[in-house]
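Two complexes come next, and they have one chain in common, chain A, joined by chain B in the first and chain C in the second.
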Partner chain A sequence: MSISLEKVTKRFGVTFGVEDVTTLIPSGSLTAILGPSGAGKSTLLRLIGGLVTPDAGRILIDDDDVTFLDPRHRNIGFCFQNYAPFRHMTVAKNVAYGLKVRHRPRAEIADRVAEMLELVRLSDFASRYPAQLSGGEMQRMALARALAIAPRVLLLDEPFGALDAQVRAELRTWIKELHDRIHVTTVLVTHDQNEAMEVADSLIVLNEGRVEQAGSPTDLYDHPASEFVLQFLGPSTTIDGVALRPHDLVIVPTGEGTPATVTEISTLGFEIRIAILLGSGETAWIQQSRAEFDAQPVTIGQSIGITRRDATVSPVGTRLDPRGAADRAPDSAAALTQPTTP
Partner chain B sequence: MGGALGVASGSALLMSYLSLIVLIPIAAIAARGLGVTVHTNGWGMAVWHWSASSDFSGFWSNVTQSDSAHAIWLSLWLSLSVAAVNAVFGVVIAMVLVRDSFAGKRLLEGVIDLPFALPTIVAGVVFVYLYGGSSPVHVNLIGTWMGLLVALLFVTLPFSVRAVQPVLESLDSNAEDASRSLGAGGFRTFASVVLPSLLPAILTGFGLAFARAVGEFGSITLIAGGQQTTTTASNLIFNLFAGQNYTRAAAVSVALLVLSLLLLASIGVTSSRIQRRLSL
Partner chain C sequence: MTDTVTIVPAARRNRARDPHRRQLLPLRAAALLYVALLVGIPVCFLFGKAFSAGLGTFWNQITQPGAVSALELSAKVAAIVVPVNTIVGVGAGMLLARRQFVGKRLLDLTFDVPIAISPIIIGLSLFLAYSKIGAFGPWLFARGVMLVFSVPGVVLATMAVSLPYVLRSIVPVLIEIGESQEQAARTLGAGMWRRLFTITLPAIRWALLYGIAVTLARSLGEFGAVLVVSGNRAGLTQTLPVYIYSAWDQNFNDVGAFSGAVVLAAISISVLIVLSILRARERRLRVDIA
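Entry: the complex of A and B
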């Protein structure tokens, strides 16, 4: 089921609101709403879930206008950041809740609960209470509870937020696999761009309540519609006022490109970061792989020239339609140097 | 424990204080009720002495005399009813205070604590004026159990509200949102999600209100109207004491004490059992 937001606005005072959001979440996609804290990500999710009603605009699930539909009638699976377990119920009762509310026959509920617990690998935990579960287990219980009602759409608010690094990584892979298996349109909120890029097949970048850009992760990474998106979605550095990716900078002999001096070299495993001082007095940095560095090593204090790689990545273009799909910005801002082939 | 004072001296202090304030008086009344006299010998040691009447049957006949039994029974069922009624209204009032915002909410907060602040005998006078023979609303509850009930509802209300309110405030509103998104309506969500989370607090409020009602004297002694049928245990104890019937007064006290303790203990056990499941 696709989700369509049309000029949706919800104001709360200073932050957390959303402003004139128009976007389409494709059916069957795994979409991440990404942005810094206070950008209105959770609000957008709650608007879709019906836990918040918009001040203006329309929300459609497929062709069904749900803007003012009570959440109980939306048939949406919502997983909360704190998992919101029903603490007085066992895991099985938690999962059964939505079905009991729907007055399904007892045998059907039992079967469905067993199926869901199997799916989230919590079959052995059926008679435990939430307080006896770890964070990751509670997250999976919340997922089973949301999925039990066969929702039209699955909404996940910061699903990896409160977990430690290893569990996060596991759960990330697992959610991706789960999505591949059940294909329910899934929207998740995160502030971690790596997580979003890894898990999602479609991104919506929010900033101060507005959609900065939406599209596929590679699309947004390679063709950021604004400096904000460029900086938010990956490493960035600024040369002559133009923000670009530090791995798109190439070292050339002195005399070519922009003159610079190497000030620092740090090795982070496979990655090398070269800090440079530009003639203008600005600092910037170059990101290289170990192999690139070894093929053309530099030393601290060395004078070099830098130029922009014949980019697969266009620098920041003008702000375009929020889906960003129509735009493959020509290098309007490629004022740095003429691209040269290495 | 074990902070500023250290565990050993801290617990010694606690025990001394508890003994002085709580345990010794209770032991004394228990001894008196059972007909045991205690005095100290020349060495400062306690000497227990069973008097001629100090057998359990003496105690038993003291508390099962018809007026004693009636008074104890009246105190118990009135207190249980009052605690139950206020458990319901306590939740309702706490819900309104926590969830709604309206003009005069601060004022209402204060009004709920009024029974805490008011000397109970003043409340008693107020009720006699309001529901007495010259009642301005033409309701005469003097000498009726209804009169006692109204007075007890008044003095126990703050316990029921204040026990539930902080728990309701700290309740995870996401759980309610989860319930709604799973298809439950407002009533279903309240009954299946909110109420079970409040249960330990409701039981605590119930216990506090019950304990308060059992011990209440000031606010009901006037409206009871000196009738035998509306003499509660606390009233009877006062009457017996005034008539210098000290042993029976103590016996009734002990019976009331034991029954109340049993009830409070079972409430406590139930409440902590639920609480453990909720938070572990």
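Entry: the complex of A and C
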């Protein structure tokens, strides 16, 4: 089921509102609403879920105008940031809640609950209470509860927010797999761009309540519509006032490209970060793979030239090849001043 | 395993010398003495006096028609006041904890008035509003409604005095648990009443029971406001506390007063015990939430 927002505005004081949002979330997609805190991400999700009513604009779920429809009649699955478990009910009762509300026959409820618990791998936890679950388990219970009613759309508010790194990573993969299996249109809110890029097949980047850009993760990463999107969606550094990706910078012999001095080299596992000082007094940094660095090592204090490789043309494979990068090295310094926005 | 065996007695041995505990000893002694002098010992005297002429006399005193009707009236009043104030308290509590509206702070403050001011002031205020010479009295009287010097008056006064307790005990818990469970139920299709009965009330049940118990204790024990509004009509508008006061002050029936007091105290202490159990359970619940 597709979700369409038309000129949706909701204001609350200074932050968290959304302003004139028009966007289409395609049917069956896994869309991430991404943005810094206070950008209005959760508000947008709550607007779709009906927990908040817009000041202006229309919201359509699959061509039904739901703008003023009570959330209880929207047939949506909503997972809250704190999971909102019903603490006085067992896991099974939590999952059964929406079905009981719908007065389904008892046997059908039992079957559906069993099926859902199987899906979220909580079958052995059916008679436990939420207080006896870990964060990840509680999140899965909340998902089962939301999915039990066969919702038209699944809305997840910061689904990985309160979990530790390893559980986050697991749950991320799992949600992606789940989505591949059940194909329900899913919208999730996150402030973590890596998470969004990994999980989602489409992104909506929000900033100060407005949509900065929407599209596929690769598209947004490679063709950011604004400096904000560029900076938000990945590492960035600024050369001569132009923001670009630090892995798009290539070291060339002195005399070529923009002159710079290496000030610091740090190793972060597979990644090498080279901090540089430009002739203008600005600082910037270059991101390289270990192999790239080893093929053309530099030392602190060394004078180098830097230039920008054309990110949009260079395929990922050649980027990791240091000789490939070197071949491309004699880019003119003018390349640096090219705006990154197409 | 052997560790635990050796550690436990050592811990016990060290306890007497633990400076943190030693420092608290005088404070503990002072607190106990204070409570004993103020409440414990006087109540013991009361029980002693009530039974001083024997169990038979005690039984005679509490089965006198005046005492029985007073106890009955107190029970009846509580039976009306407690449910009404529970419903009002839950409704107002939801309003205060979940909604923003004009006049919210005023409503919040008004609910605290019965806690802050003396019950006798409530009684006098009700008198001024609803007695025959009061503001609404003549209008009500013309329609056959007598709210002062009558059982409805006693109910009214008790209701006013015990109004805040359910509200005050549930609002902090409502705020603490937040709205998300109710919202989740709503997205799952539950209507307002279903959300209230299947999500909200179970979530706040211990605090609610605590509030109900305090309301009950307050309704049974209310004296000042009831005295003013009831007109103290023996056998008609005398609640148990008013009966005790009259026995002692006007009828010079000390043993009667003390016997009645013991009955009232016994009921209140039972409520207190139930309360302390509920409180402990609620505290455990809060630990769960945290």
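Convention: the second predicted complex is superposed on the first by the 313 of 342 C-alpha atoms of A that agree within 3 Å, B and C clash if a C-alpha of one lies under 4 Å from a C-alpha of the other, contacts with A are read in each partner's own complex, and residues count from 1 in each chain.
The working rule: a contact is a pair of C-beta atoms (placed from the backbone, for glycine too) under 8 Å apart; a residue touches a chain by one contact, two chains touch by 3 or more.
Please read all numbers here as calculations on a predicted model, not as lab measurements.
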### Message
Once both complexes are superposed via chain A, do chain B and chain C end up clashing or fitting?
### Response
clash
### Query
Is A:300 in contact with chain B, with chain C, with both, or with neither (first, second, both, neither)?
neither
### Query
For A:56, is the partner it touches chain B (first), chain C (second), both, or none of the two (neither)?
neither
### Query
In the superposed arrangement, which partner chain does A:182 touch: chain B (first), chain C (second), both, or neither?
neither
### Query
Looking at the overlay, what does A:97 touch: chain B (first), chain C (second), both, or neither?
both
#### Entry: Where chain A meets both chain C and chain B, residue numbers
49-51, 70-78, 80-82, 84-88, 97-98, 101-102, 131, 142, 145-146, 149
### Task
Would you mind writing out the residues of chain A in touch with chain B in their complex?
49-51, 70-78, 80-82, 84-88, 97-98, 101-102, 129, 131-132, 142, 145-146, 149
### Task
Provide the residue numbers of chain A that touch chain C in the complex, in ascending order.
49-51, 70-78, 80-82, 84-88, 97-98, 101-102, 131, 142, 145-146, 149
#### Entry: Partner chain A, residues of chain B touching it in the complex
172, 174-175, 177-185, 188, 192-193, 196-197, 199, 274, 277-280
### Summary
Given the complex, residues on chain C that touch chain A span 178, 180-181, 183-191, 194, 198-199, 202-203, 205, 288-289
